[in-house]
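Structures are listed in the sections that come next.
Both of the next two complexes hold subunit A, though its partner changes from subunit B to subunit C.
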Partner chain A sequence: MSDANSDDYEKAIHSGGDVASFEERHRAPLERLHNFLHSYPTAAPLMVLAASLVVFGAIADNFFTPFNFSLIIQQVTVIGVLGIAQTLIILTAGIDLSVAAIMVLSSVVMGRLGVTMGLPTGLAILAGFAVGTACGALNGFLVTRFKLPPFIVTLGTWSVFFALNLWYSDAQTVRSQDIDATAPLLKFFGERVGIMGAQFTYGSFLMLGLFGVFWYVLNWTAWGRAVYAIGDDKEAAELAGIRTDRILLSVYAVGGFVCAVAAWIAIGRLGSISPQSFYEGNLDAITAVVIGGTSLFGGRGAIFGTLIGAITVGVFRSGLKLAGVEVLWQEFTVGVLIIVAVAMDQWIRKVSS
Partner chain B sequence: MSVDTSVEPILSGRGLTKRYGRVTAMDACDFDLYPGEILAVIGDNGAGKSTLIKALSGAVRPDEGEIRLDGKPMSYANPLEAREHGIETVYQTLALSPALSIVDNMFLGREIRAEGFAGKYLRKLDKAAMRRFAREKLSELGLMTIQNIDQAVETLSGGQRQGVAVARACAFGSKVVILDEPTAALGVKESRRVLDLILDVKKRGLPIVLISHNMPHVFEVADRIHVHRLGKRKAVVDPKKHTMSDAVAMMTGAMEAPPEERTDN
Partner chain C sequence: MKRLTTLLASTAVAAAALSGTAAAQNDMIIGLITKTDTNPFFVKMKEGAAEKAEEMGVELRTFAGKYDGDNEAQVEAIESLIAAGAAGILITPSDPAGLADTVKAARDAGLLVIALDTPFDPIDAADATFATDNFKAGELIGQWAAATLEDPENAKIATLDLSEAQVTVDVLRNQGFLQGFGIDVKDVNRMYDEDDPRIVGGDVTQGSPDGGRTAMENLLQLDSGINLIHTINEPAAAGAYEALKAFGLEEQVTIVSVDGGCPGVQDVKGGVIGATSMQFPLKMASMGVEAIVEYAKNGTRPETTEGLDFFNTGVTLVTDSPVEGIESITSDEALEQCWG
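On to the complex of A and B.
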């Protein structure tokens, strides 16, 4: 390119600029909204949540009670924690269809060791954590070592983990009274504390704590920045000096660990340990992430969005139920929400230039 | 020639070869960069310039050949290792993360940790220090028309993005700075600033590899010109002894370099 050429290029840009700025003035408000939503990925989900609270508050009796609110939180605790694992992975432009399977397998290990075999409960829990972490690491290994798409890898391991969990548990449920007798610590996170008519479980507090921890990790550590960078543009991240495969592997492993923590919470929530439980947990976790404004294309989103997403689903389910709407319409509405959220994301990701 | 080529090159390559399937992007290519010089690399599109500098910066593993840094054989497993040896690169693709902020991008993979407990045990980043540093480096480049250092890179113009990538490389390079078409998206004024910055870096004593299609730029700043053609170094010529059209002719194969400057035999 010669200098004369770049001069022309300059001129073209400048003359083009006038036209563009004229048009920009025209669509300024929409543009500003766009930029706002782009900079604050949790803004849109928060607005949806606020709007749904207002609507259900108006149409459903007993909706706005501390008790109902705490019930919603209890209901979303397990999915919220799975959503943390899912958010980490989706931020890297991956996906994990096996989160709930990892969770159930971990809980089965905890139950089998702690209750059926009577090992010390602490040991059983640690073993559950180890199994969850190993499952996540296996996903990460397959994704990074063999360059397989995360969707396919975790679709496969979903079945594998589910089968392993049926085999290891003999498809038997560990009953609530047996847990109480031998390993009550497993149900710790199901215990409730009453605050002003609301009933919070320890599990809900743990969930909130985990969201806080991962908010910090994602925003204030180099690892967190790397997670975003990899999801944004893996090749650029690699060239910029990030060991992308190592970080990716650690993301899946940490995700597996978080699923195992969810397992402990889930035991408290259900009271028993069933290999058949939470079969839809995989998809529910993805739903929470997507409604929370995290982009399935990676690199964009915020961990608290997932909390908002999970609560939004809970609010819709609870509100529609209190309003006397049939369960099938709850599913219908959640489905619509997902599609709207993804459509929003597509729009938001288009950067105005 | 103002460059002393009797000393050992800082960075050199011998017989570098890289094949992509049936395409040979680099064909037994040699390369030498001497202390304190600006070496321009010119060549047609697809000649293999980017592949060469990617091999030198650890982004591509050559199938054959040897790279030496300060005379010591090097084999980088990844760009980070090259960077840890002081080789800093602006890739043609810029290697920026669009959704991350300017500061985050400048410090990607080399973040500054906070002091004390938080930094040591909680691995907390010192965002204030990183902002300060980034702002300083961007002002040096005259890029402080950017109002907000926390703004996402994707909201910047192509030229501003290039500026961020150049600022990052020049700020952190401690041994060699490699720039793959750093002025391609820049206007006249911004190109000028980048050229000045390159000359500044040279004054700091760092050698620079500059890939460019812009002959006036090349002839203004380069001490030597590496002519690349069909995956090979064909010649290394002195810009003072040749005209721009000669250089273009050598690059396209329309003309041979004088025998004493040819390197491909």
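On to the complex of A and C.
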């Protein structure tokens, strides 16, 4: 992980010195684990994922197959992409409760324009992107200009975007067959390719690609480092010459754009465009981010953690189902995972204070 | 705009209370409280109630929960209607047992309470219930499936239900379907207690396409030989069909559903859904408005259908492969009566 230590470079300098290496010898194993987990934010979630794979592989039939893994990837694709948007915002110590509402609104815009009104599909998709970006920018504007807490802003816009979605869609679903007939491009990311018994959708590849892009952006661009800096300490970032409000606004706008991309993927996944789908997608996205080891206090975390978090939830749901466990215990287990992840984060954070 | 207004309804409570005291006899208020205002079913219900209210010259006030199961919003809505001095309430209870006390308060205040679509628990918590016979709806598609499948004795059945909470409507449709198909359902008030080997399993969908797709995928992982699927509603069926297509199994499977929404009827026509039981939300709501006006004028209470403890607003099987002995209409006929 190239982002190791990068959010805490002063410590890294000291640990190279003699004093630190002296300490090293006296460290208890627990303390060493503590430091290790602090340096590699994705290590803990990765261990949880590996452990769950082993356990479910042992107890559930039909679980440990390439096909089932590819299925899990398909099932977490939409939430994974929403998780990217959510990670960006949580890294700045914010939160976005409106991600799924932005996505559904964008998909409805694409469907209405492309299918119901018969505009060229490319134009409909661009309009969906524009709407998603605008929604995100509105959140960012309210957060930066009026200094409102992101939780409250996005709690409000969640309802606002959801209501707009119902109004614009007239609460009507656009059917799969109608999309096929007029705008098949909308379903592009639902297309599948088979690789050695596994089955991936273009959407899954796009998700992985987006994770790669944002990994690069967050770690190797000035903008990405500014995102971490703002989340770590906004005032310090400002004193260091970062135009924090401008960056924050752009983070929300980019988040909105990513939600709109998720909308295109979701159309492929569902086949239809339903204004009633993904009502709790916002919470699922936050779940993925938190289980992925990104700190809700901002400034600490890695984008690939979110992918691991989303896959972990998918693995638990699939594994418990195949092991014949009742649905309510799936919910229960995911809940426990969230609490464990946050408790873990608190413990890991202690090392820096 | 109308729907935005309903979302804001709770903030309008104070205003409603004020105007309630001034309400004269000829501007009678009737309340309609639905589970949500997103489901086309409830949208249609609102349409039916609004048309009837206008025709009869009464004022209709509508409320809805934010999501299915939003008990709190419905309690608030009932309280504000009591405060407004409404003559009666039409309600699709999100939590049929949990709302009982609030409904009692409304009835004590002299309001006629009619449950639409979903009965209260106990059913006599309301003055009357106007609903689809959901057990019958399930039974019809179960019987149809038994008559349509080549080898019902060796069927492999999956049920895509609503939620893990064993909601009344969900249980009635599921158990009706299984009984109609000829399976011993054990306790008819409980899903998932059957031990017939033909049942592969059940999963929950929240009645949405995303839930239907994921649930279907997981059930196919349990057993890819599934050839009969019961779905709680047509959006869940559409999601399940996408999963089947992805697995390349859509030809081996028969999907049955309940609802009769226009996209669902289109899916019957397109061969996605084998048969669906159609219900009539518009009729439920408009009959409800009539009943409340009737009661307010001369105290006549609505009656129940013979043999049932509620008024059955009807259910019709829609299929393009009719079988002998089960009355049905074609998808083309159904398109003229569908909702949503």
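Everything that follows uses one rule, which is that the second predicted complex is superposed on the first by the 324 of 353 C-alpha atoms of A that agree within 3 Å, B and C clash if a C-alpha of one lies under 4 Å from a C-alpha of the other, contacts with A are read in each partner's own complex, and residues count from 1 in each chain.
Definition applied: a residue touches a chain if its C-beta (ideal position, glycine included) is under 8 Å from a C-beta of that chain, and two chains touch if they have at least 3 such contacts.
Please read all numbers here as calculations on a predicted model, not as lab measurements.
Enquirer: In the overlay, answer first, second, both or neither for which of subunit B and subunit C A:Ala343 touches.
Expert: It touches nothing on subunit B or subunit C.
Enquirer: Please indicate which partner A:Ser318 is in contact with in the superposed arrangement: first for subunit B, second for subunit C, both, or neither.
Expert: In the superposed model, A:Ser318 contacts subunit C only, not subunit B.
Enquirer: In the superposed arrangement, which partner chain does A:Phe278 touch: subunit B (first), subunit C (second), both, or neither?
Expert: Only subunit C; A:Phe278 stays clear of subunit B.
Enquirer: Could you tell me if A:Ala171 is touching subunit B, subunit C, both of them or neither one (first, second, both, neither)?
Expert: second
Enquirer: Once the structures are superposed on A, label A:Ile242 by its partner contacts, choosing first (subunit B), second (subunit C), both or neither.
Expert: Once the two structures are laid over each other on A, A:Ile242 reaches subunit B alone.
Enquirer: Let me test your reading of the model: by the given contact rule, A:Ala226 touches which partner, first (subunit B), second (subunit C), both or neither?
Expert: Touch status of A:Ala226: first partner only.
Enquirer: Using the superposition on chain A as set up above, list the residues of subunit A that contact both subunit B and subunit C.
Expert: none
Enquirer: Which positions of subunit A touch subunit C when the two form their complex?
Expert: Per the touch definition, subunit A meets subunit C at residues 62, 68, 71, 74-75, 78, 159, 163, 166-167, 171-173, 175-177, 190, 192, 199, 266, 269-272, 274-279, 317-318, 321-322, 324, 326-328, 331.
Enquirer: Spell out the part of subunit A that touches subunit B in their complex, as residue ranges.
Expert: So the residues of subunit A touching subunit B come out as 1-3, 6-7, 9-10, 13, 38-39, 216, 220-223, 225-226, 228-229, 232-233, 235-243, 299-300, 351, 353.
Enquirer: Flag every residue of subunit C that touches subunit A in the complex, lowest number first.
Expert: Residues 1, 3-4, 7, 37-40, 43, 66-67, 164, 192, 201, 203-204, 206, 208-210, 213-214, 217-218, 221-222, 235, 238-239, 241-242, 245-246, 263, 266-267, 270, 340 of subunit C touch subunit A in their complex.
Enquirer: Could you please specify the touching residues of subunit B with respect to subunit A in the complex?
Expert: For subunit B paired with subunit A, touching residues are 59, 78-80, 83, 89, 91, 93-100, 104-105, 108-111, 113, 122-125, 127, 152, 154-155, 157, 184, 187-188, 191, 213-216.
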